[in-house]
Amino acid sequence: MSTLAPPADPESDPRVKAVFDDIRATRKSDFINNFWLYLAFDPALLEDTWHGVKEVMAKPSALDPLTKELIYIAVSLTNSCRYCVHSHTAAARAKGMTDAIYADLLRVVSTAGRTNQLLNALQVPVDTVFDAEATVERN
Amino acid sequence: MSTLAPPADPESDPRVKAVFDDIRATRKSDFINNFWLYLAFDPALLEDTWHGVKEVMAKPSALDPLTKELIYIAVSLTNSCRYCVHSHTAAARAKGMTDAIYADLLRVVSTAGRTNQLLNALQVPVDTVFDAEATVERN
Amino acid sequence: MSTLAPPADPESDPRVKAVFDDIRATRKSDFINNFWLYLAFDPALLEDTWHGVKEVMAKPSALDPLTKELIYIAVSLTNSCRYCVHSHTAAARAKGMTDAIYADLLRVVSTAGRTNQLLNALQVPVDTVFDAEATVERN
Amino acid sequence: MSTLAPPADPESDPRVKAVFDDIRATRKSDFINNFWLYLAFDPALLEDTWHGVKEVMAKPSALDPLTKELIYIAVSLTNSCRYCVHSHTAAARAKGMTDAIYADLLRVVSTAGRTNQLLNALQVPVDTVFDAEATVERN
Amino acid sequence: MSTLAPPADPESDPRVKAVFDDIRATRKSDFINNFWLYLAFDPALLEDTWHGVKEVMAKPSALDPLTKELIYIAVSLTNSCRYCVHSHTAAARAKGMTDAIYADLLRVVSTAGRTNQLLNALQVPVDTVFDAEATVERN
Amino acid sequence: MSTLAPPADPESDPRVKAVFDDIRATRKSDFINNFWLYLAFDPALLEDTWHGVKEVMAKPSALDPLTKELIYIAVSLTNSCRYCVHSHTAAARAKGMTDAIYADLLRVVSTAGRTNQLLNALQVPVDTVFDAEATVERN
């Protein structure tokens, strides 16, 4: 159940078709998942969202593709975004996430969830040594 | 401003002293940050929390130490845990996070924040291809 | 699947019947959605909740009814409240939300989601010019 | 730093004075904390909020006053509401929360934070035995 | 739909069997709910998680078992953890939560949700009287 | 206290200078707030973020500028993003938000916070009439 119905024939709109073609080319797969299909109700929103995601997730950068997917999962589960958790867990597996890596990810996110609750409860003052403006030399 | 005052002389309690000694040995540093200092009001809570965090963050595992800190930051900022963001950003820098890696982390977490909001709004049905029970061969 | 079963015959309780009649009169519709049906297990909770929601959402005030629904959706999706997102998206459509307005809402909430993550990561100090106590003349 | 300046002389408005008098009488204290002072910029909002909070927190009900404060803290820290955490931790202490109870609260909220992250990651199907509509006999 | 398939025969692993046996003994029930079944893909993660939860929830401590479940529910619903809300609501009922207690829990969590939003909006300065380091005498 | 120090002379980088000039031109003000100053440590991140925010918030669209700021505030306070709440509350005032509008915003966000908690607790099934794919005719 969604809050809008996807367009009946999305690729009849040339802007939507161009994005879908780019998704297929970028991923080397014919599959268009529901997120993009539903976003196609507004071609400008589809374009902006896809270009933003592609720029960050598909372009070579300081972090390798699997690490980026693990971070994406971590944010998505903390935000309780069910669709995002499913799609990015699948993407992480496709990029090499083994069960051992997945278990390690779960260990870190659950440890963070545990200490986040403690620190949001205690409101402990931040140590001044953690102040980047005062103490960190950056490269 | 915190919700409790830290113990005046925490290491007079031998259980607290043992944890603090282990923190210093594990980190090869004399510095005890405020989180542990404030938790010392309850030695059992301090012990459980430190052992849990040490087990996950300081022990060799499938993910390298820097990747684990990046994931920790991602959860902490999504939970708006100010102390956690500061302490783990400092830890990530100490483990090799450059400005280029930090910028890449920011790119991924902000992209995830963007699409999380979209998908929590649209309530798009999860594609069946993402169902691990149906489709994924695990290693 | 819910955490409690709704009452079998809720309107046999006169307090529940009074609330349901008021819901029908306020909305000019016979339809009672599940939220109110399930809350009827505790008539006092049902009364307080309905009166609070009606006071804010159905009474003329500084903001028009559609704007209030858009804000309600924004909070609900950020809190990952699935039922709330569905019910208030439907309410917004009934009050005039077009696809163009919906796309614009999605653009704003996803932009906010993006910068929220950045700022919760960076912990940038708030500019003093934003301090209402120091600088803003209010009307 | 706040988003609005509190009224200079709030009790010159008789509606504000009536609420402040009721706060003082309910709490048997002359102290008006900042939340109510700042809300006084809109007397109707102040009245509704105070009456809602008083009805739930100060009136005898199924749960004792301290338990209600512990639940309030749990919600507030999970929502990262700094002011709420401070004011309700102080209220809980005033109602009898010892350090041993506080440590136990911290144990429960941090355990919940840990398993919440795991389950939001794994998206484990809810066991049908937990379906109240199918299985629970209610009293 | 979950992000991984549970092991086909989890108790063939002796570490998993030992945890499952302990769950059954602790709860005096043969039922193993899905959370533990799915976690069994990684025996070490299963062990750590179960031991942590058992230590906090099943061992006598400052708070009674029902109060601990109510706090667990409060955290879980604030984190939008659907599975957790279902399993801990069922656990709370098994430990004596009546409909009257449940309605009271709902009153507190919804009041907290309401004032959390107000205070996160207003960014009201925390009263210095709430500073535990300055003012609270602890027992 | 922030997690990185802002660049000492950000406008010595021509990409940063171009963004800052565009911020000043778009806002018809010489003031550059800290968010952009700190983001300048990575010119590409600064460019992408500014262009994304400008496109959504400064370009005429289906919603008027003040309504967009109100929605932005609603998301930001729900995410406990302190900086975002301050900067967008100031922006909303600059675009015409009166105290009466602000009080109404607070009424809606706190009502949503209240019912979000209730519905995340009850896990009420979504009424099929809210399913856009089944029932809504879109324009």
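Letters are used for the chains, namely A, B, C, D, E and F, taken in the order the chains are written, and counting of residues starts over at 1 for each.
Throughout what follows, a residue touches a chain if its C-beta (ideal position, glycine included) is under 8 Å from a C-beta of that chain, and two chains touch if they have at least 3 such contacts.
This structure is a prediction, so every number in the text was calculated from the model and none was measured.
> Among the remaining chains, which ones contact both chain A and chain F?
Chains touching both chain A and chain F: B, C, D, E.
> Tell me, please, which chain's centre (mean of its C-alpha atoms) is farthest from the centre of chain C?
Farthest by centroid: B.
> Could you see whether C-D or D-E has the larger number of C-beta contact pairs?
D-E
> Among the chains, which is located farthest from chain F on the basis of C-alpha centroids?
Most distant chain from chain F: E.
> Need the CA-centroid distance for the pair chain D / chain F, whole Å please.
27
> Please list all residues of chain E that touch 2 or more other chains.
In chain E, residues 1-4, 41, 48-49, 52, 75, 78-82, 85-86, 89-90, 99-100, 103, 105-107, 109-118, 120-123, 126, 130-132, 136, 138 touch at least two other chains, as defined above.
> If each chain is a node and each touching pair an edge, is that a line, ring, star, complete or other?
complete
> What does chain A use to touch chain C in their complex?
1, 3-4, 41-42, 44-45, 48-49, 75, 79-81
> Write out the stretch or stretches of chain D touching chain E in their complex.
Interface residues on chain D, with respect to chain E: 1-4, 31, 33-35, 38-39, 49, 52-53, 56-57, 61-63, 67-68, 70-72, 74-76, 78-84, 86-90, 93, 98-101, 103-105, 107-109, 111-116, 118-127, 129-132, 136, 138-139.
> Under the stated contact criterion, what part of chain E meets chain B in this complex?
1-6, 41, 48, 52, 55, 126, 128, 130-133, 136, 138
> With touch defined as at the start, can you tell me which chain A residues reach chain E in the complex?
80, 85-86, 89-90, 99-100, 102-103, 106-107, 110, 117
> Mind listing the chain A positions that touch chain D in their complex?
Listed in rising order, the residues are 73, 77-78, 80, 82, 85-86, 89, 105-106, 109-118, 120-123.
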